[in-house]
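Two complexes, one shared chain (chain A), two partners (chain B, chain C).
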Partner chain A sequence: MVIILKNSLLVKLKKQKLAIMGFIIISVFVLAGIFAPILSPHDPYAVDLTQKLLKPCVDFPLGTDHLGRCILSRLIYGIRTSLTTAILATALMLAIGVPLGIMAGYVGGWLDNAIMRLADIASTFPSSLLALAIVGVLGPSIVNIMMVFIVLWWAPFARIVRSMVIKLKEKEFVMAAIAAGSSQPSIILRHITLNVISPIIVLATLRIAAVIMHVAGFSFIGLGSQPPIADWGVMLSDSRQYLTSQPLMLLWPGLTIMLVVFAFNIVGEGLNDILSPASGYAAAVKEGDEHHG
Partner chain B sequence: MKKFKFILKRLLQIIPMLIIVTVLAFALSNMSSGDVAEITLRSQGLEVTEKNIVVVRDELGLDAPLPVQYVNWLMKAANFDFGISFQTNKPVADEILSRYPATFMLAVAAMLISILMAIPIALISARYKDSLLDHFFRIVSTAGATMPDFWLGLMLLYIFAVQLKLVPVISGSKLQNILLPAFTLSIHYAAIYIRILRNNLIEINSYDYVRAARARGLSKNAALLRHGLKNAVLPCITLIGVDFGKLLAGQFACETIFSWNGIGKFAVDSINLKDLPVIQGYIIIVAITYITINLLLDILYLYIDPKIQIE
Partner chain C sequence: MAEQPVLSIKNLKTYFYLEERVVKAVDGVSLDVYKGRITAIVGGSGSGKSVMSLSILDLVDNPGKIIGGEIWLNGVNIRDLREKQLLKIRGKEISMIFQEPISSMNPVLKVKSHLFEVIRTHKRAISNKEAVRLCRDVLVRVGLRNTDQIMESYPFELSGGMCQRVMVALGLLAQPQILIADEPTSSLDLTTQAAILEELMRLKNAGMAIVLITHDLGVVAQMADDVYVLKDGKIVDSGTVYDVFESPRHEYTKALLAAIF
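And now, the complex of A and B:
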C-alpha cells in the first residue's frame, strides 16, 4: 500500500516537473514575443539579397532566408503572430462556450436542447470545409482562419460547463443557497462559475496548443497569414523552394512550432493531474459541499 | 423498432448539417469579391462588355431573388452539376471525381500503416507495462501526436528525396511513391491509437475473467492476445471510421507537399486561383462523404456492440 502511494506521488511530482518545464518554456516565448524589438538582432522584414541563404554566423545566428532576412528575428516576431492568434481565439471560444454552457445547464428545457444541437453540429463539422468556405468568401488571412476555429471549437467548452452545472445544481450547497434566498445570478456566479473554472483551464491550455498547430498549417498552405508576415507557417511554406540550398529554413520554424505545442500540452496535462477529480479537485468540491451544507 | 427509431433520428439530424453546408457553398458564389459574371466571361476568354455581362447574368440567373437562386443552385448541385472549373474548363464534378481515387488510396494506405504500427506497439507496451520500452513508446507517441504533419512531410521529403535521392521530389500520385505521404499522415493517428489501445489492454487485463483465465494457467501473452486484443480494438472502430472520413476529406498540406494529385491539393490550388465552382463542388462532395461515413458508422455500431445505449 505504502509503495503504491509513494509511486503515485513520485509519478505526480515527475509530471509536475514536466509541467513546470513547459511553463518555463511558455514564459520564455511570451517574454521574447513582448520584447521582440529588443531581442531580435535584425529587422525581420529587411530584405538584403546580397546576404541571402547564409549559413549560421555571428551576425545571423540561425542563418538567413531566400530574401536575406534574419531567420532568428523572423522566428521571434513569429511568436507575436502565433501566440496572439492562439490566445485570442481561445479566449473568444471561452467567451462563447462558457455562457452558452451555463445557460444550457441552468435553464435546461428547449434552450438546453437548442444549444446542444448547435454544439453537436459545431463539433462534427470538418474544419477544412469551413476554412475553405470562409477563405473563399473573405479571402485568405489569419483572422479568417481564427474565425473558423472560434466558430467550431466553442462546443467542448459549452459541454463541460453544462455537465458541471447540471451536477452542481443538485448539490446541497447550491440548493441551500437558493433556499437561503440568493438571487439567481449570484448563485451562478459564486458557486457554479468558481467550480467550473479548473476543467476549463485545462481544456483551454490544450486548445491553445491545437490552435497554434492548425493555424500554422493553414498559413503553410496559403490560406492563413500571407507573406511577408513573420509567421512560422509562412516561413515553412517559403522553405519548400529551398530544400536543397537552405534546409535550415525548414528546420527552425518546425522545431519552434513543436516546442511551443509540446510546452502547452505538458502544462495542460500537468494541470489536469493537479486539478482533476481524482486529486485535489474532488476534495475541493467535497470541502465546498461541507462548508456550505 | 428501437433501432429503426434511432436510425430515423440520426437521419433527421443530418438535415441541419446539409442546410448549413449548402448555404455556405452557395454563399461562396454570391458573397465573394469580384463579379461572378465577369469571372465567368474572363475564364471563357470572352470580352468583358456590359452587353456580355447582361447575357451571362441572365444565363446564370444572377438577377433572381436569392432564395430562388439558392433553390436553382441546389437542384443543379443535386445532379452533381457544379458548373465549369475556371482553371481546367471542364465540369467540376468530373475534375473532383477523377482526383478522388488518389485521395482514397492515400487514406487507405495511411490508415493501414497507422493500425499496423499501433497494434504491435500497444501490445508490447501493455505486456511490459512501465518498462523502459513502454516509457520509450509513450514518449515517441506523445511526440508523434504533437508533430505537425506539414513539417514531418517536409522533413521526410528533405531526407528521402533531397539527401538520399530514394524517391522523386514530386510524387505525382503514383502508387510506388505512396509510402512517404501515407507515413506522414499515419503518425498522428498511430500515436493516438497506441495510447488508447495500450490503456484498453491494461484495463482488460485487470478484469476478473482474464485473471481467472490466467489462474487456470493461460500464459500472459496468450491472455493478452486471446482476450485483450479483440476487446481493446472493438471500441476503437468508430474512432478509426471517423478518422478515415477525415482522411477522405483530402489532406491539404500533405498532398501539396508531395504533389499528390488528390482532391485536397486541387482544393488548395483552386483557392489560390479563385476557382469558385471547384471550391463549391469540393465542399458539397466532401460533406456528403463525411456525413455518409459517420451515419454508416453509427448504424454499424448498433450491430457490433449490443452494449450501446439507444437514448
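And now, the complex of A and C:
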C-alpha cells in the first residue's frame, strides 16, 4: 500500500535540534529587524555626549558608545543593514549563478567552457583586491561591497548547479519526459531546475553567513558602511579606541555577529543533513522499500 | 499478412562515434509492427535492442547518431521530420516505457504532475476537472485502485510495480497507436511482472501495437506474436513466435532457446 510519509521534512527537521535552534535565532533577528523602530529603546543616531561610554543600566540595557548612542538600538538597526545586504547579495548571486550553471550543464560545449572559465576567474580572484579596486573607483559604500561579493561569489553556485545538471540530464526520468514529448523549456524547468533546488538552499544559507561576516569585516576596515550608519562592522571599528576603558562596546557587536553567523551555519548544516541524498531522498526510498516488504 | 504495418523500419543504422572506433550498435535493422500484435525484440546485453528502440523516437544521445534508414509511421517517414514535429509524435503516436520504473519518474514531482505534464503537452484544451477525471480513468485502466491517493504521492512513496503501472498509464494517456516497452518487467518481482504483462496483453487485445523489448524468452513465448532476434545490431532471426521457437534458423537463436528449455 501507499505510505504517505507525512511531512517527512518536518519530522527530519525535528531531529535536527541545533538547526531548529539556529532557525529560531534567525527568526528572532529577522523579527527584531522588521520591528526595529518599536523594539529599540532609543534613536540609534541620537548623539548625547553627556551620556557617553555608559555601562549597561536600566535606561541603556547594553550601555552607550563614545557618542552616547544606545548600543542596543544600534545593534537592532544594524540587523537591517546586515541581513538585507546579505540576503540581497545572496539572492543576486543565485540569480546569476543558477541560470548560468543550468545553461553550462544543459547546453555544454563551448558555452559550458566559456561560463566555467568565467567562474574560474571569479573564484580565483582575491575578494579584498577587488574590494579595494571597486572602492577606490566608486568610493566606499555597502552597495559597492555587495557588488564585490556578487561579482565573485556567483561562481560556486554555477559550478554546483552545472555538475548536478550534467548528472540529471542523463537520468532516466529526463529521457522518459523527452520520450513523452515534453518540450525543452518544460524539461529544464520541471525536471532539471526543481531537482537542483535543495543543495542550492544549503549553499545559499551558508553563503548568507559568509556575506554577513565579510561585509562586517569590510565595514570594520572602512570600505563598507560609513559612520554614522548603524552597522555591526562600523560599531566594532568605533570600539577599538575604547578597548581598555569600555570593552563591552566591542563585545556586543562581536557577539551579535558571531551569533548570527553561527545560526546561519547550523541551519545550513542541518538542511544539508536533511536534504542530502544519503539521508533525504535515498533514505525515504529505502524506508519505502522496507514498508513494502 | 495483408494488413499494413503501423510502424515499419527499414535498414535502420545507428552508430556510436567514439574517439578511436565506431560502434555499430544498430546495423541495418528492418522490422514491421502491426496493430493488435505484440512484436518482441529479443537479444542479449549489448545486442542493440535498446538503442534501436531509442532510435525510433530519435532519442539517441551523443556520440550516437542515426546514420541511415527509414522509419515509416502511417505512411510518413519520421526520419524526415523536424524536431518540433517529432515532439508531437513522442508520447502522442508512440510512447515508451522504460526498465527502471522508479528512476523513470522525477523524484520531486507528484504522480499527478507527471500525468498532467503529458495531458498539457498533448491535449491542451481541456479543463482541470476533466484532466483529473482522465487521470483517474487511466490509472484504473492499468489496474490501480486508490487513484486519488496515488495521484498525490511522490514516486518514492510507491512500490516498483505501482510505479511501472503509473508509467504504463503515462504511456497510455495520449492514446498512442504504439507502445514501446523497453524491458518493462526486468526490475520487478515475479508476481508484479505477471500483472504488468497481463496489462500489456489487455492493451494488445484492445488493438494497440506493442513493441516489447526483452532478453527474457519465457516472456516472449507467453506474450509475443512476432519475434525479431537481434545480435550485434543485426537481425539474425525473425518470424512469428511459432516459427522462431519451432525452427530457429540461426545458431544464436538456438543457443538462446537451449539456454532456457
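The rule we apply is simple: the second predicted complex is superposed on the first by the 265 of 293 C-alpha atoms of A that agree within 3 Å, B and C clash if a C-alpha of one lies under 4 Å from a C-alpha of the other, contacts with A are read in each partner's own complex, and residues count from 1 in each chain.
FYI, contacts are C-beta pairs under 8 Å (C-beta built on N, C-alpha and C of every residue); 3 or more make two chains touch, one makes a residue touch a chain.
Treat the numbers as computed from the prediction; the structure is a model and nothing was measured.
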{"item": "First, second, both or neither for A:216, with chain B first and chain C second", "value": "first"}
{"item": "Which superposed partner A:179 touches (first chain B, second chain C, both, neither)", "value": "second"}
{"item": "First (chain B), second (chain C), both or neither touched by A:246", "value": "neither"}
{"item": "Touched partner set for A:171, first chain B, second chain C, both or neither", "value": "second"}
{"item": "Partner chain in contact with A:117 - chain B first, chain C second, else both or neither", "value": "first"}
{"item": "Chain B versus chain C, judged by how many residues of chain A each one touches", "value": "B"}
{"item": "Which superposed partner A:132 touches (first chain B, second chain C, both, neither)", "value": "first"}
{"item": "Intersection of chain A interface sets (partners chain B, chain C)", "value": "none"}
{"item": "Residue ranges of chain A touching chain C (in the complex, touch as defined)", "value": "1-5, 170-173, 175-183, 186, 190-191, 194-195, 197, 281, 284-285, 288-289, 292"}
{"item": "Residue ranges of chain B in contact with chain A within the complex", "value": "13, 16-17, 20-21, 24-25, 27-28, 31-33, 142-143, 146-151, 154-155, 157-158, 162, 169, 246, 249-250, 252-253, 256-257, 267-268, 271-272, 276, 279, 282-283, 286-287, 290, 294"}
{"item": "Contact set on chain C toward chain A in their complex", "value": "57, 59, 61, 87-92, 95-100, 102-109, 113, 117-118, 121-122, 146, 149-150, 152-153, 156-159, 162, 167, 170-171, 174"}
{"item": "For the chain A and chain B complex, residues of the former touching the latter", "value": "117, 120-121, 124-126, 128-130, 132-133, 135-137, 139-140, 209, 213, 216-217, 220-223, 233, 236, 239-240, 243-244, 247, 250, 253-254, 257-258, 261-262, 265"}
